[in-house]
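Dropping a structure here in structure tokens format, bear with me for questions.
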Amino acid sequence: MTPSQPHPWLRAATVALLLSLIALAGCDRKPETDRLTFQAFGTLVDITVYPGGVHDLTRIESELSEELEIMHTSWHAWEPGSLGRTNQLLALGGEFSAPPSVLPLIEYAQELESLTDGLFNPALGRLIAAWGFHLDEAAGPPPDAEQLEALLADPPRMSDIERRGVRLRGNHPDLQLDFGGMGKGFAVARSLDLLADLGVEHAIVNAGGDLMTRGRPGDRAWRIGVRDPLGQGVLASIELGSDEALFTSGDYERGYEWEGERIHHVIDPRSGRPSRGLVAATVLHDDPALADAAATTLMIAGPDDWPLYAQRLGVEKALVVLPDGSVELTPEMVPRVEFRREVIRRIRAAEPGVGAIAP
Amino acid sequence: MNTDPVLADRRIAALAALAIGLQVIEAAIPSPVPGIKPGLANVITLVTLVTLGWRAALAVTLLRVVGASLLLGTLLSPGFWLSLTGALAALAVLAPLLRLHPRHLSALGLAVPAAIAHTLGQFLLAWAVIIPHPQLPLLLPPLLLAGLITGVVTGILTASVLADPRIQRHVRDPSTTQSG
Amino acid sequence: MIRGLRWGDAVVVALATALVTSSFALGYAPGGDSTHLVITQAGVDPRHYPLTENRAIRVEGPAGVTEIEIQPGRARCLRSPGNQGICEAAGWLERPGDMAVSLPNRLTLQVRGARSDFDSMHY
């Protein structure tokens, strides 16, 4: 070992030292986005806009919350509004002109109901109400066996709505529309359009945890944290590009305790009871209304059949959380998710040829 | 190796005087960043360690810390305790490393860990006792970086002092004679 | 160049550099320690509280009082109106981005760090 020669390690160490100095100098603390949070659409709405510091946040809040409140009233199943009025007219059985705010939802829901063999069925408003989920703060008592039997004897379907142009007729006396499983998707999309009218090109609209992006924050992707449905903290992070919607349906979102049992808001039309077997279902898609409805459908489909229904709905990227904390996801979802904690994960794809629906 | 106790005491006294002088001069020069100083007195500690062993280095360090604080009027103040803790932490790390000198480590290889230990010791005392503030750890990375840089500087200075033939004669190497 | 350098010097300097670099990485990385709690409530400007000392906060909402507890580096929803206990179930909020929500009281609690980890939280 010649003592006077500088060792290559010393040179490497010097380079590392210089790099850490550069990293220190590069620390930039300027907020690149603005956030605002307000209450609308019966939930908390959180808007992220890029770039920070240039938009009129007060105006954005007032215009957006006004528009969201209008949508909330028109699509509320049990309050006087467009949907409330539609429900009354549907029950009467006569022909009437559909309110323009409700018609696109009815058309879309009919399509989704036939794709999912009735697992996604917004015509079952009476069943939802029987469980107490028509109230803002859901409460029991849940329906007893007799009531459930009556509700499920001849359940209304979306196909019981006869549609000719804008004229509608209800052919089932118990038909009550409840768009809880897809209205938020429409609302988020319309909020982004409104933001674009206000000059915001890059934004995330997050309504009660379900969100959609438009544009990009500079040259990077949007970074979304996915909260752990079974406990605190972050389960995973997902990077989103422009016009991507991320919707989750979970048993923890709305519900109440009844005689020691947890009653949640995702009701399975087959049993008439809260769905079982999945804690949460998450869908990533460019159509927010589809993502919203698909998340609900996968929750109802349960641990065995969710990949099948994802495939039927044209959903490639989905993820479900099981009660034991493990996670199942579609092959297309795998590269999009970066887990933030140790988690058991299985990749599930719809098996070709399996078309039967569980009884 | 010198065994004359009087001569040893004189050497320690002379080195301690040098160290006190350096520390007082350094205290008079305002630092661009508060809390960060070059620590030139550590050159004397290292030279003492290498020439006279760790007992002498401990003596020089204690004399320097107490002596300088007497001159600066900071005896028993928080600054005094920080200075003492840093110096003792550095010595605690140097004592085992001394065996590797000069065969595997030069003065630079002694000065860098000493400076890091100095910084860490002071920081832990400050955090645990003087100002227990939860945000204080955010100060540690820049302080450690400063420690690394001052360690390299004092190491180079110490190496050049030790390279002087008048000092070189006294460098202790238990296994071999000087490798010059 | 300095004379008398040994191989051990390179090892020591490399180790010290690694220590300094990792201290920066740990201390300043996103996802590091949370520094403040942000409370948002419908119709009110967001309020910021540093996570530096023990503190109790009471926030009035439409459904009652939400009690929030702050300790150095973390915060939690101690008691909140609503029969589901969602706010309390979020537990201690420690990592930047951790969040608790009280829908009855229309408020969110989120701890944030020096740099925000996420653009939006999905739940």
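The chains carry the letters A, B and C, assigned in the order they are written, with residues numbered from 1 in each.
In this text, contacts are C-beta pairs under 8 Å (C-beta built on N, C-alpha and C of every residue); 3 or more make two chains touch, one makes a residue touch a chain.
Values in this document were obtained by computation on a predicted structure and should not be read as measured data.
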Work out per-chain C-alpha centres and flag the one nearest the whole-protein C-alpha centre. C
Most heavily contacting chain pair (counted by C-beta pairs in contact): A-C
Whole-Å distance, C-alpha centre of subunit B to that of subunit C, is 39
Between subunit A and subunit C, what's the gap in Å when you average each chain's C-alpha atoms? 26
How big is the gap, in whole Å, between where the Cα atoms of subunit A centre and where those of subunit B centre? 62
Residues of subunit B touching 2+ other chains? 106, 141, 145, 148
Which subunit C residues reach two or more other chains? 3-7, 9, 11, 13, 16-17, 20, 24, 28, 114
Got the subunit A residues that touch at least 2 other chains? 3, 17, 20, 24
Which part of subunit A faces subunit C closely enough to touch in the complex? 1, 3-10, 12-14, 16-17, 19-20, 23-24, 27, 29, 31, 33, 37-39, 43-44, 46, 48, 137, 139, 204, 206, 209-211, 217, 222-227, 229, 231-234, 237-238, 246, 248, 250, 252, 255-257, 282
Could you list, by residue number, the parts of subunit B that touch subunit C in their complex? 100, 102-109, 112-113, 116, 133-135, 137-138, 140-141, 144-145, 148, 151-152, 156, 159-160, 162-163
Tell me, which parts of subunit C touch subunit A in their complex? 1, 3-7, 9-11, 13-14, 16-18, 20-21, 24, 28, 40, 42-43, 46, 82-84, 86, 89-95, 97-99, 101, 103-104, 106, 108, 114-123
Quick check: in the complex, which residue numbers of subunit C touch subunit B? 2-9, 11-13, 16-17, 19-20, 23-24, 27-28, 33, 35, 51-52, 72-73, 114
